[in-house]
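Input: one structure, supplied below.
In order of appearance the chains are A, B, C and D, and numbering begins at 1 in each one.
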Amino acid sequence: MTTTTTAPTPTPAPPAAVKAQQHWLERVVRARELGLALLIVALVAGTSAVNRPFLFSSDGWRSLLTLPTILIVVAVGQAAVIITRNIDLSVGSTMGLCTYFAGNLFHQVSGIPTVVVVILSIALGAAIGLVNGLLVALLKVPSLVITLGMLYAIRGVDVLWVGGNFIRPEWLPDSFQKLSTAELFGIPYLFILTVPVVLVVSWYLRNRRGGREFYALGSDPDAAVLYGLDTRKITVKAFVLSGALAGLAGTMYLAIYVSGDSQVGTNLEFETVAAAVVGGIAITGGSGAVWVAALGAFLLGTINSALPVLGIPSLWQQAFVGAFILGAIALDRALFVTRARRARALRSHA
Amino acid sequence: MTSTATAAVVPPSTGVRYQNHAAPLWRRLLFRSETILLAALVVVILVSSAFVPNFAEPFTYSSMLLNIAPILLLVLPVTLIVVTGEIDLSVGSVLGLSSAVFGLATQAGLPVGVGATLGVLAGTAVGLLNGVLVTVVGLPSIAVTIGTLSLFRGVAVGMLGTTSITTFSPSLTDAANALVGSSPIPVAVVGIGILAVLFGYLLHFTPFGRGLYAIGLSPEMASFSGVRSNRSKCVLFVMSGFVAGLAGIYYTLQYDNAIGSNGYGMELQVVTGIILGGVSFWGGRGTLVGALIGSVLIGVLAKALQLGGIGSDGTNVVTGVVLILSVGIGSLARIRTRRRRPKTSEAA
Amino acid sequence: MSTEDSVTHATAGPAVRTEPAASPSATSLLELRSVTKRFGAVSALSDGNLRLERHSIHAVVGENGAGKSTLVKIIGGLHTRDSGDFLLDGEPVDFRTTADAKAAGIAVIYQEPTLFPDLSVAENIFIGRQPYTRFGQIDRAKMNRDTRELTARLGVPLDPQRQALSLSIADQQIVEIAKSVSLDAQVIVMDEPTAALSGLEVDRLMGIARHLRDEGKGVIFISHRFDEVFSLCDTITVMRDGAYVSTNAVADVDVDEIIRQMVGRNVDQLFPKIETEVGDVVLQVEGLSSLGLFSDVSFDVRAGEIVCLAGLVGAGRSEIARAVFGVDPYDSGTVRVGGVELHAHNSAEAMRAGIGFVPEDRRRQGLAMTAGVASNITLAIRERLAEAGFLSTRVENRAAQDWAARLQVKTHSLDTQATMLSGGNQQKVVLAKWLATEPKLLIIDEPTRGIDVGTKSEVHRLISELAGRGLAVLMISSELPEVLGMADRILVVREGRLTAELSRDEATAENVMLAATQAPAPKEPDA
Amino acid sequence: STSSSSSGSTKGGSDHNYKVAFVPKSLGNKYFQASDAGGKDAVEGFGGSYQEVGPTATGANAQVPFIQTLTQQKVGAIVTAANDPQAACSALKQAQQQKIKVVTFDSDTNCRDVFVNQVSSEGIAKTLVDLMGEAIGGTGEIGVIDGGPNATNQNEWLALMKKDLAAKYPNIKLVDVVYGNDDDQDSLNAAKGLVQAHPNLKGIISPDSVGIKNAALYLSQSQYKGKIALTGLGLPSELRQYVKDGTITKFALWDPTNLGYLAAYAAKALIDGDITGKEGDTFTAGKLGKYTVGKDGVIILGDPTVFDKSNIDKYNF
């Protein structure tokens, strides 16, 4: 199919006096990531000012970068799903099941290479995502209902399967246990693993036709049908991605916590949604960038570990986290509104 | 107001009469999700009575109703919120907060009535906070209430610390669990029924309720029709806080315990009931009756499975599958009727 | 009409082509024979016939609800037909999805623009076929360049990076057209593409259509504006009540004949403007400004008067009207109705003061598309209908019954969803909704968009008579004849400012256009 | 799994209802899985029928519906670790009215026949304080990682530990109590926060198995390994490697399997009428031997086992 235009010029085209100043203006308006990045810097700087080891110690630096990776990876998948105007509430249960699955693989198949376990775990997650996606796409029902059902169902299967068991550290090979502490040029391995995941998904969603279709679908599902987009395929793709990332996160959980029972990943669904929304993903679909959602997840993940270090009484921490989420989205909103107003003013005086 | 200028000018027309409804009453009733749910509920009860040992006992009903009473209470305002296309995920935490305030007030020696009022007021106040954040600040309610879910729970836990307050007067705690006469129906459920009638009236039989549906169907259209979206939503969030505050008092007395974790995870149960009841998460569609039946159905299923010896793990699986089936069956039927290929008159 | 009859009729009828190049024996580019389509109990199309040749622009006309859009949707693969034949290049085809139709070389501009609001203009045009760079990623620079070129050729240079969300409905239509033009399809279907456009853009669009025809493509053009149809098209197919009526060469028929075939009677096309006594000032707007949209707008509307806001698409007329009605905020200025000042952001107050508002975008602003006809009609009068705080469906249905009948809404029943109505009937429902509020001042933004001739003159008569009874009307229209025919006074808007005020006698097509287009003093575009 | 397949055995007369149901705090908790396994062993051993039901979450009243169900099913005894001392009381009282015996273990409630305590609370507090005192030489700052703010038993131990510290180790200063909420992520963050917020911290006590495991994980990976002493109550199977790599020198626990086993036999003794909960009643608990009911109807399993490098390989719970 040709992409060049074959439009005729029946009348000489008027000089393309397109408002060029809107380019940078609109870009500034959309620069929500700026506020988020500033918040992260402020949080990390503030916390390490109070307690130097939070950042300036080998474990401080490492855990700062490592602990939020689970949330980041799952939130990236969640963000992709939300962009298509769906939601995946089953991510927590999926991750939990995959954690036990991976741990059990190490246990049952002695000498199984880590890569194989990771791949199989991702495959299990993707398979669950496929079920989600197919149910949503074929039955044409709200994903909230399907994935809420799957949240229960998978957790139930998990509890039935795991039963009285739990993952014991000795099941896991030493090399795998070292994963969470290994570093390359001073950067933790798991973080190095996470960055490309975020970048690849971001790149795909931003720069490939298939990725842009996620946005199109989320922006207006009816228009997507009229336009002839294969909405079923897009939906399934998004859920498979989310499931696969939850599967990956399951193995990351195993690497970081060297344990796992049937309750791994409880409540993760709302945390990932919060991360995505804090990261500027519109809950109504169609807009936002997943790497900003990753920033949002990093922020939420960091705040959980910063609060105890800041000496906030343990009992009040949850309240602080809640207040912080509210603050972050309110600030983002305030910045957006003022920027939009400024842009409007500029346009009228241009 | 019948014979003003406008009415007079527009032609009384060709006398066209429109049918009020495209389908006859029985069809409209039969294919409602509420009817199907009700049928499912009856079937579950009949089957369980026949096959599940100990199910057909008054105690089954009374304990089941008492267990889900707080959920039913929360379902009332949240259904209205969902109809407008918003959501309140913080209700469980508001319940906990109200419980904490009530407990602390009682512990401090205040009369029960004052403590309860304080608890409900606290719930109403935080409901207002939700409402303001959603309407005035303009934040998406799902994000706001995920945040306040954490915030209110955190405040409840922080206030109570490691204590839990269990010094409520037995007459009150007994009243919270009391049954109507010798029937298996708890007194509290009668109260909830009355409240449900009020909420049902508000949603289905008032201009305000029509406005709520309009907001859910198309916010822009609603604002073009003089519906004060923000004000309506704010009112709903305040109501939600108020009712969750009430639920907090009731829950505290029901279990004789004010503890930081009261109501933990209830938001999911509330949402599950509402969705099973056929209320659209995108707003504009669904009934209060449906939401209530949905919640009761889940409660009955759980009870039947427990009595049948299936643990909560199995119950989770069943709940999930029922949820998926509830939407799946309807849409499968829809798809089947659409799958007809065109007939071609000439050979292709 | 039996199947054989219609087939013969369609093929053997006076299917005249203006292009002598194509021989009559060659297969047509696209052919529909006895196509039917039912939606439940509703038969939308009982006998659809159409034969589109290469090198031609083929008009399809008919009343609202005649089945034109349904025909289009079958061609576009959105609906599957229940029976009948669908041939493309003589080969039978069966489209399951819109993608199939697109792949077969059919581009459709649907009646209602359906863009992706969050995506940019460029992406809306190129989604699914964006150009790639060598590195396998979308070449945004090229895409934007192409878009700029494309929209400039359509006469409305749009910023390719602008979100579709922020486009006026006319600009959205431009994007739709650009999209289908760029598809390089063999068949281009345009379902009322001009309904939201004004003169200049319509001319450009017709130029594009002619060019496409000259390239050998087939264009299907649907419109309720006969001047366009007659100046642009070669062939006209008339439909009535879901069935094919006739196909004629444009040269062989005249407007009256076509209208007779459409409605089965003679329709007076003239706007029956009634001269009325002008009363007291109803609406008084002073110094109304909104940053970036309009500034210092002052005018008033009196009882019995029809005031038109004229201007180019995008001049800011709708924004002014919306600010007056209170759905949008504004920065300064006052709005008074009957001497009482209204506040921004409170349309309920405006309604109480007696303003009604028929918005321009019926799908988003006028209707709840998935709600029934009755609930749509009664939404704005819900408070009045309530008896002692109790509002019942019965009362609503009674009121809706009345108003739907008065406007002759063509619907199966009162609980039929608005989505299932034809475009023109949707517009009638919106009108009914607002007339039911019995306003003192009615603001109408594009009152007859998508309405057929018969109904259009009905609507005009209605508005005119309402004004005659003392209703103040503020009307926005992009159709110049409508403006000139209806208005007592014309206010011309250009770039958010009132540039001229013309009385009925002063106004001519020329001076309105002049006031609307006169370029402001050239200004250096600073970055 | 409620099959009453096992025919009544002869021990206490066949008319005794040996249906024993375990209701743990939540399903899927490692510790309770171990104790319930012991219970199963015991119940099947004395020819009763065993059943385990429970919630998946640990809400204060999450156990109530299960207790109600068991009441309707007329089991012989309910053996439960209560999520909350009060919330389940009305349900438990209803059960008792139906002649169902109520045994609690691990965490007590205000309404039961007997409570099977792992160790006397004083014993646990003393053990932990002594382990810590030994590990840091009797002076320095320490912190506590507790399970959750409403873990009754842990709150009680904490109060006793504070008393013991003041009495025996005046130079040890308890600087902070943090909560891990029985969750890996929260516990790890709590451990990290505790260590980083208190630069002079010398030791951590965690009377919570999830807490100690994650504290060990954190310390073993940080520069504090070997510098900050860690002790508490944990599962040997989870802590084995941390004992071996030196993160933990000694920690304590009783055998949860035995706890469940004893609780099951206590239930049997109640059903048989051998005991009523009165102080001084005695009964025999299978392989564990003879036990006496103490004050307030409390039965104590025995001293905790202290684990270190030398013995940890011998345990697999």
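Structural remarks
Criterion: contacts are C-beta pairs under 8 Å (C-beta built on N, C-alpha and C of every residue); 3 or more make two chains touch, one makes a residue touch a chain.
Per UniProt, the chains are A = Autoinducer 2 import system permease protein LsrC; B = Autoinducer 2 import system permease protein LsrD; C = Polyamine-transporting ATPase.
The model shown is predicted, which means the values in this text are computed figures rather than measured ones.
Interface comparison, A-C versus B-D: the pair with the greater number of contacting C-beta pairs is A-C.
Taking the CA centroid of subunit A as reference, the farthest chain centroid is that of C.
The mean-CA centres of subunit A and subunit C (Polyamine-transporting ATPase) are about 42 angstrom from one another, to the nearest whole unit. Between subunit B and subunit D, the centres computed from C-alpha atoms are 38 Å apart. Centroid to centroid, with C-alpha atoms defining each point, subunit C (Polyamine-transporting ATPase) and subunit D lie 73 Å apart.
The distance from the centre of subunit A to the centre of subunit B, with each centre set as the mean of the Cα atoms, comes to 30 Å.
Shared interface positions of subunit A, defined as residues touching 2 or more other chains, are 155, 159, 282, 315. Those residues of subunit C (Polyamine-transporting ATPase) in touch with two or more other chains do not exist in this structure.
Taken residue by residue, subunit D touches two or more other chains at 27, 56-57, 149, whereas all remaining positions touch fewer. The chain pairs satisfying the stated touch condition come to A-B, A-C, A-D, B-C, B-D. Within the complex formed with subunit B, the residues of subunit C (Polyamine-transporting ATPase) that make contact are 3, 33-34, 40-41, 80-85, 92, 94, 325, 327, 346-348, 350-351, 357, 359, 364-371, 373-375, 378-380, 382-386, 389-392, 397, 401, 403-408, 411-416, 433, 435, 438-439, 462, 465-466, 468-471. Of all the residues in subunit D, the ones that touch subunit A in their complex are 26-30, 33-34, 36-37, 56-57, 149, 176-179, 183-186, 188-190, 192-194, 196-197, 199, 213-214, 217-218, 221-224, 237-238, 240-241.
Those residues of subunit B lying in contact with subunit D across their complex are 53-54, 57, 59-60, 63-64, 67, 157, 160-162, 164, 166, 173, 177, 255-257, 259-262, 264-265, 302-303, 306-307, 309, 311-313, 316. Across the complex, subunit C (Polyamine-transporting ATPase) meets subunit A through its residues 76-78, 97-102, 110, 114-119, 123, 126-132, 136-138, 146, 148-150, 152-155, 157-163, 178, 181-182, 184, 204, 207-208, 210-212, 214-215, 291-293, 295, 496, 525-527.
In the complex of the two chains, the subunit A residues touching subunit D come out as 51, 53-54, 57-60, 62-63, 67, 155, 159, 162-166, 168-170, 180-181, 253, 257-259, 261-264, 266, 304-305, 307-311, 314-315.
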